[in-house]
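In what follows, chain A forms one complex with chain B and a second complex with chain C.
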Partner chain A sequence: MFSRAYKTVVTVPPLAWVAVFLLVPYLLMFCYSFWSVSSLQTIVHSWNFDNYRDLLEKPVYWQTLLRSMWIAARVTLFSLVLGYPLAYFLSFYAGRRKDLLYQMVIIPLWVSYLVRAYAWKTILGSDGVLNTLLQYAHLTNHPLDFLLYSPFAVVLTLTHIYTPFTFLPVYAALEHIPRNLVEASHDLGATPTQTFWKVIFPLSIPGVLAGATFAFVLSLGDFLAPLLLGGPSGIMISNIVVSLFGAAYNWPLGAAISLCMLVLVVSLLFVSERLEKKWSFS
Partner chain B sequence: MRDLRHPGWISFMTSPITTGHAGADSAARPTLLSIRSVAKTFGRNAVLRNVSLEIAEGEFLTILGESGSGKTTLLRIIAGFETATSGEVWMGAERLDSQPPYRRRVNTVFQNYALFPHLTVEENVGYGLRVAKRPAAEITARVAEALDKVKMTAHARKKPSKISGGQQQRVALARALVNQPQLLLLDEPLSALDANLRRQMQVELKSLQREVGIAFVFVTHDQEEAMVMSDRIALLRSGELEQVASPREIYSRPATAYVAQFIGHTNLLKAEVTAGVARCGFLSWPVTRPDGVALFSLRPEHVRLAGKGSSSGDVRVRGRVIHQAFQGATELIRVDCGGGLILVARTASGNPQNDVELEFAPSDAIAVLESPERI
Partner chain C sequence: MEFLVSSNPSANPGSRWLLLYAFVVFGFLYLPIVVLILYSFNGTGVGGFPPRHLTLDWYRTLFGDGPIWDSVLNSLEVALAAMAISLTFGIPAALALDRADFPGKALFRRLVLLPLILPGIITGLSLLMLFNLGNVKLSLLTITLGHGTALISVATTEVFAGLQKLDRAQEEASLDLGANYWQTFWRVTVPNLKLPIIGAALLIFTLSMDEIAVSFFLIGRDNTLPLEIWGRLRRGITPEINAVSTIIFVFSLLTIVLWYRLRVRAEGSADLGAELVTVNDREGT
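Presenting the complex of A and B:
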């Protein structure tokens, strides 16, 4: 249908883009992860597994990774707990207000990530909105310091930021459920609660999986929220990578961590996609 | 002339006198479901107006109508998916329309079957029993029996997407019947099937209904389907019942011009009645009606070529054949009888003549009411 020349012209630029800005950097990162840094702070191109051994032997790295995963897991859970009922309400009960409410969920995504993270800083700080309010109401007589610069602050902020990302796929999945299935369930004697657990929820699982994957993967790799609100106890793995590529000047170790993260995330995406396929019946 | 919109006319149509024509057995059956003056409006749009209908136990009733006539809305009101704007639905001594769908002893076979895609065939069939928390052994036994009844035992473990449309139809039927409802609602369940399978399913569905003895309310736009399957047909037009009667009755004694035209072919003759004689063009025949304009329905099969089995009182007219439609055993010929009158006659195949003489018995011209415009 299309000439060979046309196909070439159309396909080569995007392929070149992917090669130059994705594959080549990954390849470089892969090489770096097997190199090392000399005592004179120069990168030595000698191939070895030292970086990977460091990752396994020094607890700070895998402990930070585990903490990051624990933070990401909580963000995933909370954003599902918030996003699912919201999506369910919008899809099944919002009626004519559906479009308006949908936009209200989407609009925060237009606001810069940084602005939203800073907003939480002003809310949670020791003389921030929340502490002032609590003291004014005499619920506490001194500022609560666990609110800011803690894993709590990171989880809260990331949940706020990533809830729309779980909401969207869940909402799409719910919208795809033919309404006559719900009617059929009621017709067969199932109460609304039974219908939810036996028909609606199972059919929304692909959306739940997609949303959970979004929330987990995006918050696992996040470094701004822990940087701004995490404090020493809220450090995440990406903060370590940032410092290794910056002040610490240990690109090889940073590359090794990044590569491990990449493998972890890609396998997660793979598993999640397999599960989604298993639960979709179109 | 009786006004069609007058409620008295509706109640006449649904009264036991009319039901009596459906056959000796259906007259004796007690009423199962009673729809009383049900109306439904969506915004400014009146979809149903003042519909009253009684359904007897074990009866196969078809709600027949064009698209937009309100037939599906009526079915959804019985099932509980829509709330009537006014009127009541009763099942025995129990008021049905105040109950949610899951409390009604009514089951539905949906137009596109609405099988649960994440459940296997047997899980679909067992759904109603599971949510009713029946014992596991009973569920297994009843599901097996229901699948056997619709010949789907071999496909019990398959997902709905892996079976054909006709098979999905059977599963939907088994899923509804396994709950032993008092009334089964079917929303154009055969419309997605091809013609052959459709005819086969019509016969199967009818014999299944006889076997289980559950009342069926069957919605369709297909008049042939309605004729083949029903004990009674309720013809709905623009949200009002036009006539409720057995297929034979509705065909041979249509109440209105609309009914006569919707069910089968007919010649509608607008005649002027004076002193017991109806005149239409060059035609005239004796009637027992008061003077004035009257509409008559004359079925093509009652119009014969003159000479074959004619009797003394027959009305005769000459005309020229303007069109022939071959239909296998018979053909329909359009005959221009002059004076603006065109008659359609059903004759045996192979009639080469151009000029014909037609005849019909005056008793075959059935007086019908004019169908008023409804918007």
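Presenting the complex of A and C:
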């Protein structure tokens, strides 16, 4: 029904734009990761694996990467622990108020990321809201200093940011479960707990996977929350990249780390997509 | 709280704990927002319990603060231009994915969606390398190009979802009756996609206004609002930041309410933004 000309007109411009502003930059990052910096602070376009060797040999890089993955894993877990029951409650027990409560989960997403991280900073600081509240209530007589500038603060803030993101796909998956399956399970004598674990939970796994992937990938690459709330012990892999592109001026090494992150992220997406397909029932 | 539970016949004793848990999670989600707004009226600074000396002084300071308003204007400019770019390329991209076959289609679809799921730092840095290679000076323009490109995915997913629900017969009829493709696009296709397009536009606008990870690397001399706030956070903080955040929050809220009413009137349901996550998911598989 659509002519060749129509197809060309709708295809070529977006294709060209995406090629120039997405494909070329990613390829450029790939190239950079094999280049190096001379003593005169210029980029040398000679191809070698030195940056990757550095990444393997200097423990600071992979240790920071592991720490970032550990932070991201905790964020993912906590987001699911908070988001899943909330989604389950909304989908199965909220009744008439479902839509309103649903909107209420979405609304925090509309408060800027930066602003929410900042709000946590004002809560967790040594003369912040929480510490002064605890002292006001005489629960402690000196400020708790592990609250801010620690991995704890980073995990807490990122969990706050990604819980709604985890909630959404889980909720969508739960909403798609045919209710007669649940009724059938009840009628056949299963207790609510059995129904949950044997019927509802398995059917919600694709949503869990999608939410978990989202939370893990986005928190893994975060650099603003660690800068704002992490302190020296909360440094993540992206912070190293930022400094390599800034003061440390070693773009090629920074590009190599970014490329590793890119490969890690894309493989995770690939695996989770496969698993989602395997677990989906429709 | 009883009413929530009893409205559902399948309620069981466990659901009461679930209700309690849901309230706790909501508490967690809203605590920073409540604190943020409350302390924008606090005379004695951003922390300290209980809040003391309630005042509007921080809002007064804010209204006299030139750099903040400059950055707001910059952000508005960037967001509007990014919206134009994303829609200009995102709508045809959705049409192409829906209606055309071309080599590399699968790769193209994945590539378009990538910036949405990729940490912003990767998109930001790869664009920085491109601009560096092309000797393009960093400015609001480079930020706009970054936002416009990253947010094409939003326009494409929303419009693509709309196209799936579209009745092809109307376009066919228009073509059969002698309208050309251009006329059919503007008079049949676009009016039918009005909601997804408006939804995408609002979403792109809001996401761009908030964006910081990509902008962080593409910033020139002029700040966008998030970068201006970022700069101030590092110098020491006052409730003025709470005040400006509160105002933005209220505006975002108004946008959602507006969208909600528009959509409910048209379709009886609304989930701005939520679609992104779920649509992405469906499309990716």
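Note that the second predicted complex is superposed on the first by the 282 of 282 C-alpha atoms of A that agree within 3 Å, B and C clash if a C-alpha of one lies under 4 Å from a C-alpha of the other, contacts with A are read in each partner's own complex, and residues count from 1 in each chain.
Here, a contact is a pair of C-beta atoms (placed from the backbone, for glycine too) under 8 Å apart; a residue touches a chain by one contact, two chains touch by 3 or more.
Values in this document were obtained by computation on a predicted structure and should not be read as measured data.
Following the overlay on chain A, a side-by-side fit with no clash is recorded for the pair chain B and chain C. Of the two partner chains placed around the shared chain by superposition, chain C is the only one that A:F92 touches, whereas chain B remains out of contact. Once the two structures are superposed, chain B and chain C can be ranked by residues of chain A touched, with C on top. Of the two partner chains, both chain B and chain C are touched by A:H186.
After the superposition on chain A, the angle chain B-chain A-chain C between C-alpha centres rounds to 80°, nearest 10.
Of the two partner chains placed around the shared chain by superposition, chain C is the only one that A:F2 touches, whereas chain B remains out of contact.
Look at A:D127: by the touch rule set out above, it reaches chain C but stays clear of chain B. Here chain B and chain C sit at a least CA-CA distance of 7 Å once the structures share a frame through chain A. Residues common to the contacts of chain A with chain B and with chain C across the two structures: 186. Within the complex, the chain A residues that touch chain C are 1-3, 5-7, 9-11, 13-15, 17-18, 20-26, 28-29, 32, 82-83, 85-86, 88-90, 92-97, 99, 101-116, 118-123, 125, 127-133, 136, 160, 163-165, 168-169, 172, 182, 186, 192-193, 206, 210, 213-214, 217-218, 220-224, 228, 238, 241-242, 245, 251, 254-255, 258, 261-262, 265, 269, 273, 276-277, 280. Within the complex, the chain C residues that touch chain A are 4-5, 7-8, 10-12, 14-15, 18-19, 21-22, 25-26, 28-33, 35-36, 39, 46-50, 88-90, 92-93, 95-96, 99-100, 102, 108, 111-112, 114-115, 117-123, 125-130, 133, 145, 149, 152, 168, 171-172, 175, 181, 206, 209-210, 212-213, 216-217, 226, 229-230, 233, 237, 241-242, 245, 248-249, 252-253, 255-256, 260, 269-274, 277-278, 281, 284-285. Chain contact summary for the complex, chain B toward chain A: residues 79-81, 100-103, 106-108, 110-112, 114-118, 127-128, 131-132, 159, 161, 175-176, 179. On the side of chain A, the complex with chain B involves touching residues 178, 180-181, 183-191, 194, 198-199, 202-203, 279, 281-282.
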